[in-house]
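Letters are used for the chains, namely A, B, C, D, E and F, taken in the order the chains are written, and counting of residues starts over at 1 for each.
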Amino acid sequence: RKYLGKPEFERESQEKKSLVGVACGMVVTLAGGDIVYIEATKMPGKGSLILTGQLGEVMKESAQAALSYIRANAEKLGVQPDFYDKYDIHIHVPEGAVPKEGPSAGITMFVALVSVLKGVPVNKDVAMTGEITLRGRVLPVGGIKEKVLGAYRANIRTIILPKANEIDIEDIPEGVRNNIRFYFIENVEEALNIALENEHREST
Amino acid sequence: RKYLGKPEFERESQEKKSLVGVACGMVVTLAGGDIVYIEATKMPGKGSLILTGQLGEVMKESAQAALSYIRANAEKLGVQPDFYDKYDIHIHVPEGAVPKEGPSAGITMFVALVSVLKGVPVNKDVAMTGEITLRGRVLPVGGIKEKVLGAYRANIRTIILPKANEIDIEDIPEGVRNNIRFYFIENVEEALNIALENEHREST
Amino acid sequence: RKYLGKPEFERESQEKKSLVGVACGMVVTLAGGDIVYIEATKMPGKGSLILTGQLGEVMKESAQAALSYIRANAEKLGVQPDFYDKYDIHIHVPEGAVPKEGPSAGITMFVALVSVLKGVPVNKDVAMTGEITLRGRVLPVGGIKEKVLGAYRANIRTIILPKANEIDIEDIPEGVRNNIRFYFIENVEEALNIALENEHREST
Amino acid sequence: RKYLGKPEFERESQEKKSLVGVACGMVVTLAGGDIVYIEATKMPGKGSLILTGQLGEVMKESAQAALSYIRANAEKLGVQPDFYDKYDIHIHVPEGAVPKEGPSAGITMFVALVSVLKGVPVNKDVAMTGEITLRGRVLPVGGIKEKVLGAYRANIRTIILPKANEIDIEDIPEGVRNNIRFYFIENVEEALNIALENEHREST
Amino acid sequence: RKYLGKPEFERESQEKKSLVGVACGMVVTLAGGDIVYIEATKMPGKGSLILTGQLGEVMKESAQAALSYIRANAEKLGVQPDFYDKYDIHIHVPEGAVPKEGPSAGITMFVALVSVLKGVPVNKDVAMTGEITLRGRVLPVGGIKEKVLGAYRANIRTIILPKANEIDIEDIPEGVRNNIRFYFIENVEEALNIALENEHREST
Amino acid sequence: RKYLGKPEFERESQEKKSLVGVACGMVVTLAGGDIVYIEATKMPGKGSLILTGQLGEVMKESAQAALSYIRANAEKLGVQPDFYDKYDIHIHVPEGAVPKEGPSAGITMFVALVSVLKGVPVNKDVAMTGEITLRGRVLPVGGIKEKVLGAYRANIRTIILPKANEIDIEDIPEGVRNNIRFYFIENVEEALNIALENEHREST
């Protein structure tokens, strides 16, 4: 058996530039919290969704919910309504060899998708976590303390969290907590206003 | 392995507004009864049905039965007859990480679907449970007492049940029972009259 | 894990009206014989067959045989020859949560399908059982005594059986046997003459 | 769990009429040899092959080889060259609940398919067995003695066998052997001349 | 369970005629080496590849590599460039019931495919073995001594081998070795010059 | 069971010519490091991706990421923007029988794909390894020392590595290290400038 690469255990570091289609999420690993970059791309196609990065079933379903929300609300979001007719969408979560599962990358995938569909970069200094529902609600997730510490270590100073996780902020050491700008949201579209650059209800 | 979120065990609370495509069902968990929101959306497409929320096979089949009933009876329901040609349908049952199984969300899925296809909101103060058959009959389900108590805790005061479950109402404590308006139905279309706002046989 | 409904063990009772697309079959369960309603519907589509009700592989194959027989003999049956181009077909066997297997619902599925394709109701007082082959032969099945007793309990007084099961009628108590009108058939089309209302070789 | 029928262990008997699309094969079961009817039908479609009767993988592959041979040699066989564009093909091997495996129904499926594609009946007094290859060779099979005895019991008096099985005829009791007309073939098209009624190189 | 045929253990014998679409490979079995005929056919279709003969995953992948090489180099090979648009391709390796695995039938499948696509027969006195890569290289395989002896027993006197297997010829008894004409190739197209009749860079 | 070939354990040797669609990667096996040729081809088609060579799931996903990157950045790369409409793509990693897994062939697949889509050969004296992300970042991989030694043994003197693996070069014996020209890259497009012949930002 030939093996082409093994996973290493170094922490991810912040992107140098704000990029289109790349949003920063937060995960919990055996080594504590870390940031993770969700990458979305669009290409001429016929309406396929490709999901890679060894994503578990729950995580794949949250990508589908994010995409369906956008397709059902395209006009409101300033996205071309029939985009899914003309494009294939690909979402990838590096590193390729590490299995990932869970619903809390939902809002991150949503932001990366809207970013690539509108061609607007995501602010590189923002990290986020939160489960998305089909109607756009943001549900709470776990591991908030580890995730926030992980993002802080990666120099992130702006963090978007579900409103229902506001109470979990108390567990974070004061020194860290006071140095972060927190946004607590209940609906996914609030994340766009915070995370997309130059985007405050702009439509194309 | 990177994990993005864990399920928590808090009870669901009632929606603040009546919404299009969102119907309130009732489930039984290890922690007793609870309400659950079934979300349905439609988007420009070619006739696909996407089902997410870690639904088991029986639950997925009940979504298919609800959709086929609507497609076969579109005109009678006031839904555009060839809608399935032009749209993709997505049904999601949060929370994304919790496995769900069973046939009793059938009428709930049916109501959410008709709501989104007609653009008519579902009354937020109504919860329902019941198995649906392909010809539109409503079959009885279990756990009625736990489900009704769970809905009551979430401030629901109007509940739709299968006619054949009428006898199970006796097990509910009198104080709760007397504060709820019950509807017992034998055919799914009766649920529309009760649950859809401003809808009493309106056609588009 | 959230559970939405559990199967109950009450016997099925006879439909109140003769319905289009609904044919009455007979099954054997741990509790003895019972009737079961096979539901068929058609909707605008492109030629898909949807089968629900937790059907096992043999049962699904018998649905395919019934449908292929109709597609290959459409004109003779008075069914529009290219119907499968324009429609999707859905067959459901309630209750949704109960697994079902075996070939003996073949003629029942056939009758339900012809009924819905011609828009002609199935007589509500008739129950049937029998395996169907692709060329339209009716093969014998087992559990005849239990099935007939179960149908009798549900007030059914007309029963269609495979010719080769005629000998099994002797096991049925005389009081029941004499109160039932039996038809023994060798070819599926004979079942149409008996079970479809107002149908004696009518063509559309 | 509801069960709709069980397999019985009666021997198959000869068809009363020569039929289009129905060819008689021979099998070996725990109860010795028996005949089995392979049924083929065609219906307006887009080029699908449906295989039912609980066929194992090897048996399904032999159906594909038979069909590909016909598609590649349509003109020579007098079959419409683009038939697969316009039709769906369904092959069924009753009884539905009995699992079947093995390559020796290959020539039987071939004959049933050519019969239905040309609308020419298969002689009801002929049984056959033999593996088919993609180029039309007929390969030997096992259980010849049991198969021939089984066919003889069902009143079959004409039997087609692979040429390489000629030697196995010696094991058959003289009384039976002398009462059967044997044909030993090396190429599948020889089977058409023997088994199809009124067919000796006729083309449409 | 009904069984229709069992594999026998007789050796394959040489084809009597050179045929279009049939190329002779070599295998190793428990009984030593043997020849095996790879059959390829083409039929009007839409670009499907059907593979039968109980082929393992590696063997199926080598069929795909052979076909892709031809599709990518159609013009150079004298094959109609858009043939895959108009045809379905079927490759079968008898006997149907015997499982087969391994990469060494690659060049044999390639030759059979080019033969059927050009309508040119393969010389019946040639046997070959060798793994094919997507760019047309021929890689060495194992069991050379057994394979050559098996081909020799079947009266084959011309054998094509990978260049890197030339050294394995020394193990073959001198009497056999001297009676065989060996060709050692590094690129698949060399096999065409040797094995296709009347084919030395002919184009259609 | 018939077996057509077994894997051997000889090291791969360098290609003699620079080829279109063939890029040289590096792997680690039980026998140490080795080079491996990734082959890519394109053929008239409708937008399918075929992956062969017994590739594991992570390796298949890295091929998808490479292809999506090219489809999303076609114009910038000088590749025809709608190429995926008109072509099928096939990537093969010999030897066919050896299972392969891991993300580190990502940049190698990318280079092979761009090479075949532009018709530009890959320099035969260059080997590479590195994981690719959807946005084109190059991530570090493991086994650098073994891989470099394996390439050196195959006479490779130019090696492309991820920037984050620069530190691993220290483990390589000085004699080998000083004889190799290393390139350390952070973005996949840098690999094109190094590995494609006559290619320094040329567009078609």
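Just so it is clear, a contact is a pair of C-beta atoms (placed from the backbone, for glycine too) under 8 Å apart; a residue touches a chain by one contact, two chains touch by 3 or more.
These numbers come from a predicted model, not from an experiment.
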_Steps in the shortest chain-to-chain touch route ending at subunit F and beginning at subunit D_ = 2
*Quick one: how many steps at least from subunit D to subunit E, stepping chain to touching chain?*
1
*For the sequence-identical pair subunit A and subunit B, determine the rotation angle of the Cα superposition and round it to the nearest 5 degrees.*
60
*Mean-CA-position distance for subunit F and subunit C (Å)*: 59
_Based only on mean CA positions, could you tell me how far subunit A sits from subunit E in angstrom?_
51
_Residues of subunit A defined as touching subunit F within the complex_ = 1-6, 8, 19, 21-22, 37, 39-46, 50, 52-54, 88, 90-92, 94-97
_Taking the touch rule as given, give the residues of subunit E at its contact with subunit F in the complex, in rising order._
25-30, 34, 36, 47, 57-59, 61-62, 64-65, 68-69, 71-72, 74, 81-82, 84-85, 98-106, 129, 131, 133-135, 137, 139-143
